[in-house]
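Two complexes are shown next, each including chain A; its partner changes from chain B in the first to chain C in the second.
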Partner chain A sequence: MSEPAFNGGVVLDCTEGIAGPYCTKLLADSGASVIKIEKPGDGDITRKMGPFLNDKPDIEKSGTFFYLNTNKRSITLNLESESGKSIFIKLLHNTNIIIENFTPGKMAAIGLSYETLTKIRPQIILTSISGFGQTGPYRDYQTSSLVTFGLSGAMFTSRPATDTSTRPVVEGGRQAEYITGLLSFIAIAAAMINTKDTGKGTWIDMSALECVASALGANIDEYSYLGLSRKTNPFAIHGYPIGYSVPCKDGWISLTPGLGGAPNIPLLIEKPELLDDPLFTKPAQRMADPKKFDDTLAPWLREHDKWEITRLAQELKMAFTPVLTPGELLDDEQLKAREFFVEAQHPVMGSVTYPGAPFKMSATPPRIGKAPLLGEDNESIYGGLGMSQKELVALKKQGII
Partner chain B sequence: MDKKVFEGIKVLDFGWVIAGPLTLKYLADYGATVICLESTQHPDLLRTSAPFKENIPEVDNSGYFAYLAGNKYSITVDLKQCRGFEIAKKLVAWADVVADSHRPGVLESWGLDYEALKKINPSVILIRNSNQGQTGPAAQQPGLGNHINGLAGIVNMVGWPHQEPISMQVAYSDYVVPHFAAAVLIGALDYRRKTGKGQMLDISQLEVGLNLFSPNLIKYPGSKVDESLKGNSCDYAAPHGIFRCKGNDRWCAISVFTDEEWHDFCMAIGQPDLIKDAKFATVINRKNHENQLNELIEKWTSQYEPEEVMRLLQQAGVAAGIVENTKDLNEDTQLKERECFWTGEHPKLGRFSYLGQPSRLSKTPAMLYRNAPCLGEHTEYVCRELLGMSQDEFDACLMEGAFI
Partner chain C sequence: MAYELLKGTRVLDLTMVFAGPVSSRILASLGAEVIKIESAIRPDVFTRGNVYPENDPGTEPWNRGSYFHALNAGKKGITLNLGHEKGRDIFKRLVKISDVVMENYSPRVMENWGLGYDELKKIKPDIIMASMSGLGHVGPLRNYYMYVPGMEGMSGLTHMTGYPGEPPMLSGFSYGDWMLGATSSAAILIALYHKKNTGQGQFIDAAGREAMISNIGEIIMDFTLNHREQNRMGNDQPYAAPHGCYRCNGDDNWLNIAVENQEQWIGFCRVIGEPEWCKREEFINSSSRWQHRSELDTLVEDWTTKHDKFEVTEALQKAHVPAGAVLSMKEVNLNSHLIERGFFDVIDHGLGIGKRPIPCQIPAKFSNMDSFIPERAPSFGQDNNNIFGELLGISKEELIALENEQVIGGAPSFPPGRPTRLNLIQQQNAGELDADYINQLKEKYKTDIGINQNKEK
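What follows is the complex of A and B.
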């Protein structure tokens, strides 16, 4: 029987929202044992984020929460109470990794600084995720996905190339938070290797701004040797060699005229008389008059659907691709063939299908599983610490668990 | 100084363009020995991609490549030449990890598929980055990262309602895939250490894109998908947008989620009367009157530069940030104070700086040890020092044209 890659790691997850939980989901899906610590009562804030089963807001029916918390166990614990803290310290003895996304300084304020934690558990890996990092002038600033994207340099050029005076637009889907979670995952993976080598712990200081700026603020290197600060996205310019969207019969396709020109386009659009037209044989000509280029293609594109266009273009060795909608993706043949979507049973939501791991590992396959109910694992985990049923009832009454 | 995290890990990289090489950049930045196997006949697409220093297109002049190949070694080998192929095989035997980011089938055509690699090095880890994975009906389709923007529906997530989608600033998946791939690779290295066994890793860019844009792709009885473009708005917050500020093309992002933040916001902009306005009293009311709300806010923001808007709002505890362009980002005080920029003196590009690895491990930080290599810069070093070839052997390979 093969085992998942990160089997053996025990993670205490004190985060909520998207970035932290996405990070620990990736760890849990890869085999780590993740104990999610939630606020007694409401739990993680994403339990209140839709989409909900039957459109009914309910902390056990959120699709967003489900996706972000697969394969974890949940306990409730109030870390700000003294007894909550001492329970946390008991849990620490079996823990390799702690992840938190409190405002910087809060862990120390409640008596759980990195120094304190290493005294109890020297090999601990503490991961602190925040908007701007644990130091620096923005340390105490507030942020959101939108604000992080704005500051990161990744949003400024996000507008139509034809009108650079328009308002920049954010990348949807709260990507700043997902990217921060992903980059925290890899930092933890590296730290785990380091701890196994040296026996020493580490403190990982993740800043959402730095994650997004370094991952997507990709033009920063140009500035250092060319002094270039772009106003618009080079990928959005019509007529350019790669990747801009044009309408077709049933939506949009990504048009890729290609670096070397697009000599086969007249065959695609059934106008062989244009085969020698410099608009198609000379990229410079196309880039000089993108409107003429687009207008020549438009009538044919409007009569054909995205998959037909893709198939015909691929046969002519042109890498056109359809712009797919979520509904179409759920039915996509390629994704089906790779068994990308996986299914888990949830006691309240029933059968839930969600995007699985985006990779295949031949020896250590990732896990498929559900998200926990709020406090679902209180009994087994607290029981494992030797706490009696009576104690648990009392702690629950006091709002500590 | 502590040992670097991946010191001693040996990687042979057949990969090219962005996603593959960026995966290994992570390991190289933390101390792994990464060798890019290149050829002067088919240089990496990035070596021939602008932006070039002074716009002179030469293989060692691309900033794109310089960014991705920092801390790595370069050897040029002709795989079609008998001695060249032998060197590649020696490197496979030397390596812990072999990396590939070509279209599925290319490695096979060289006779270096996973089974062949295992014969040379039984515990090798092979990591393969591709557009849509190594299997399935679309596996063989050629494609670049930006194609995934369309296929994964990512372009559908950026733009205004009822308008043409706006493309991402970058080939999005190219820049997120590497983090997934590197983490998975680290997992495989750990497993290999425990068991002595290698494995093959098959990473699909399409699937990575979808893993990051997921809540829309969850299906349960009665689920619906929301396919609308939302511009800068958010279902749970108002105001939530980009507001024009004083100056030319200057903007500030502002987001207000809770009613408490709304109070603080009204006080910060000096309009306490707004707190009492029922139209804006709750998130739902603010969402219902969002256009009016946005106009009102922009009237205020346009009197100030974005730095001032950010300062005033952040002082009051409201999330706000300048929409920074590349120049702003280079001058950002937070990034400067936290020493986020890595700077090298590249032999061709001169002073070259970029944002380093954002994962800060307190005791073993990543850093730029060595500039990106010129094409074939380490051919002799790799053959002589790492593979232990004698001078005569090396010279013979050179004479026979193995290193082109």
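What follows is the complex of A and C.
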């Protein structure tokens, strides 16, 4: 039988939005006991963010909140009140990890600095996630997914290769937040391993800007080696086109013959008479006349649908792939075979299908589970601290829980 | 900056190009001992080539590629031919004393060599093996030929990127590869923790496409809950306006503004000197601004076009309005905030390359932990003597014999006369060159950068 990897770890999650909750979702799915601390009344901001089940705004029906908070428990607590803080400190006695995404300096301002926390729990791993980090000239800057993307350098190159004078465009969805959540998780997991080995805790400072800049991988170095600032992903490597989207009968397809694959294109488009055409045999020719290359392929592509093209091209060892819509993923045979999408029961939303873990693990498969209702676990968690029903009612009246 | 959090963990890294090396670089930065395995027949050609310092491939181009240096700093490097039976035997001896094996060959390669997880488990029962691929190690499409466009395009992200009515767009920075790498590191760390607790190893099957889908969860949820297919929106965000990328003064200068609430809107109007806009009926609240956003965008851009992107960033941020310049690679390399926080490690690469700033791949700062600057990426076969001789105890004579049999050592097969990345980019007019980059870097990093021209051999 398999057991979740992080069984026994207790996490106090003071984050909201996307980056922090995605990080703690990965912890919770891996078996950690994550206690999500939400604002009394409204809870996490994503509870008010769509998509809502049947488009009915309801803090218990947000798909965004559901996806980002699977397998967590929820309590409500006002950390800015004195009694809220003292309850937080009680919770701390059993906690290994705290994660927060307040503006830098706020934890210290409400009397919960790392130093204070270590006096109660010397081995605590405190993780602070912010837009720009706990230090530096941008520390107090306001952040958003778009702004982070632009400042990281990741947006400048996001333009069509055919026209680098166009307006840069941000990656779809909320990539800056997800990248930050994933890297924060990696940092915490490494710190947990270290605590196991050495008994030492730590304070981890994560900056969303740096997380996104990391995702540029090696691209940043083109400047320090060459003085180059790229304006796009170049559309050709070694003279073959890479991955720009071209229209086909039912949508779009990525043209990526891969190294050495282009000579097979005439077979794909049923024009064997072009097999010796320098357009397909000589990279330089293709580079010199990209429009002619595209025009030769376009009519055939328009008559065929994306999976048909993909299957034929793959048989010819070319890495053509379909551009899929999010909805098409639900019917995808590979994802089905891999049981990528999973289903959990939710008391208000019913049966909910959501994307499963981003990796498959043979011994510790990530858990499948629902997101909590707002304050769902107040009674059990506060009860566990020895607080009476009467106390809880009083705290509720004061707006503390 | 690197840390010693994973001290004592040994990783055998068979991966090439971007995704795998990103993953093992993250592990190396966290303190794991990563041994990168290449061979004369299978060198990491793509990253070892392409981008050379000052566009000069030199006599050993394979030791000069910038991608290679950025993605492999802090690792050890050996050459070992797994196509040879003796090579596989030596590999198995290494597995016996390692914690993790990572590979990104197409799914059948390791099994054909007799080095699949079931085989490795027999040699080292608690081994963690991570297989990285585009669509996954199992499943009917597992043998598909895949690069970044497949990982991104088949995830739904490409469909969601770009302007409405225009073609879906690939990322500008090999995002799919990087995400597969980072995701694999996350899984490997979970597995390492579990191994420490229970002594149990495991097999990790990481698919780049699935790593990408996980990052558009909220978009997928609209389909699973409401059967709604979302579409790309450019830089829009529902009910936020002005929200987008605006042209600024100068050539190819841009600024992002993300006004998400009424307070920020009022601050915005004040900063740009148009307090009257706040009173206009069509801009009175977020839903009316959203409705009239194209009119608003035109007005905003009329103003930004006359101003400097850095000055506007500062002024708007002072008024607590989220805004920021769109930085080029040059501007990222010279950014004071990133430099001050130590985002770049200035590593001396020797080899006629000198010191260059290298971006980190896991930008976490850990308080009260020992940190260090990682060693430069290994030159080809650099650690053969160390690993084969000292670690495995293979004698000098044996090593020479192995070299003669082409099991270890040798020069990489490296196609001569390949166009450099710079040539390609210039041909396609896809970038801008700054001739003064070495001086610019010297001034910002306050240290020598590159090679001293006078001392060059």
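A few notes on this one:
The working rule: the second predicted complex is superposed on the first by the 391 of 401 C-alpha atoms of A that agree within 3 Å, B and C clash if a C-alpha of one lies under 4 Å from a C-alpha of the other, contacts with A are read in each partner's own complex, and residues count from 1 in each chain.
The definition used in the following text is that a contact is a pair of C-beta atoms (placed from the backbone, for glycine too) under 8 Å apart; a residue touches a chain by one contact, two chains touch by 3 or more.
All of these numbers come straight from a predicted model, not from anything done at the bench.
Superposition of the two structures on chain A leads chain B and chain C into a clash. In the overlay built on the shared chain, the residue A:S224 is in contact with chain B and with chain C.
Of the two partner chains placed by the overlay, neither chain B nor chain C lies in contact with A:A394. Contact with both chain B and chain C is seen for A:P168 once the two complexes are overlaid on the shared chain.
Once chain A of one complex is fitted onto chain A of the other, the partner contacts of A:A5 extend to both chain B and chain C.
Contacts of A:L183 after superposition on the shared chain: both chain B and chain C are touched. Of the two partner chains placed by superposition, A:L92 touches none, neither chain B nor chain C. Of the two partner chains placed around the shared chain by superposition, neither chain B nor chain C is touched by A:L312. Of the two partner chains placed by the overlay, only chain B lies in contact with A:G350; chain C stays clear of it.
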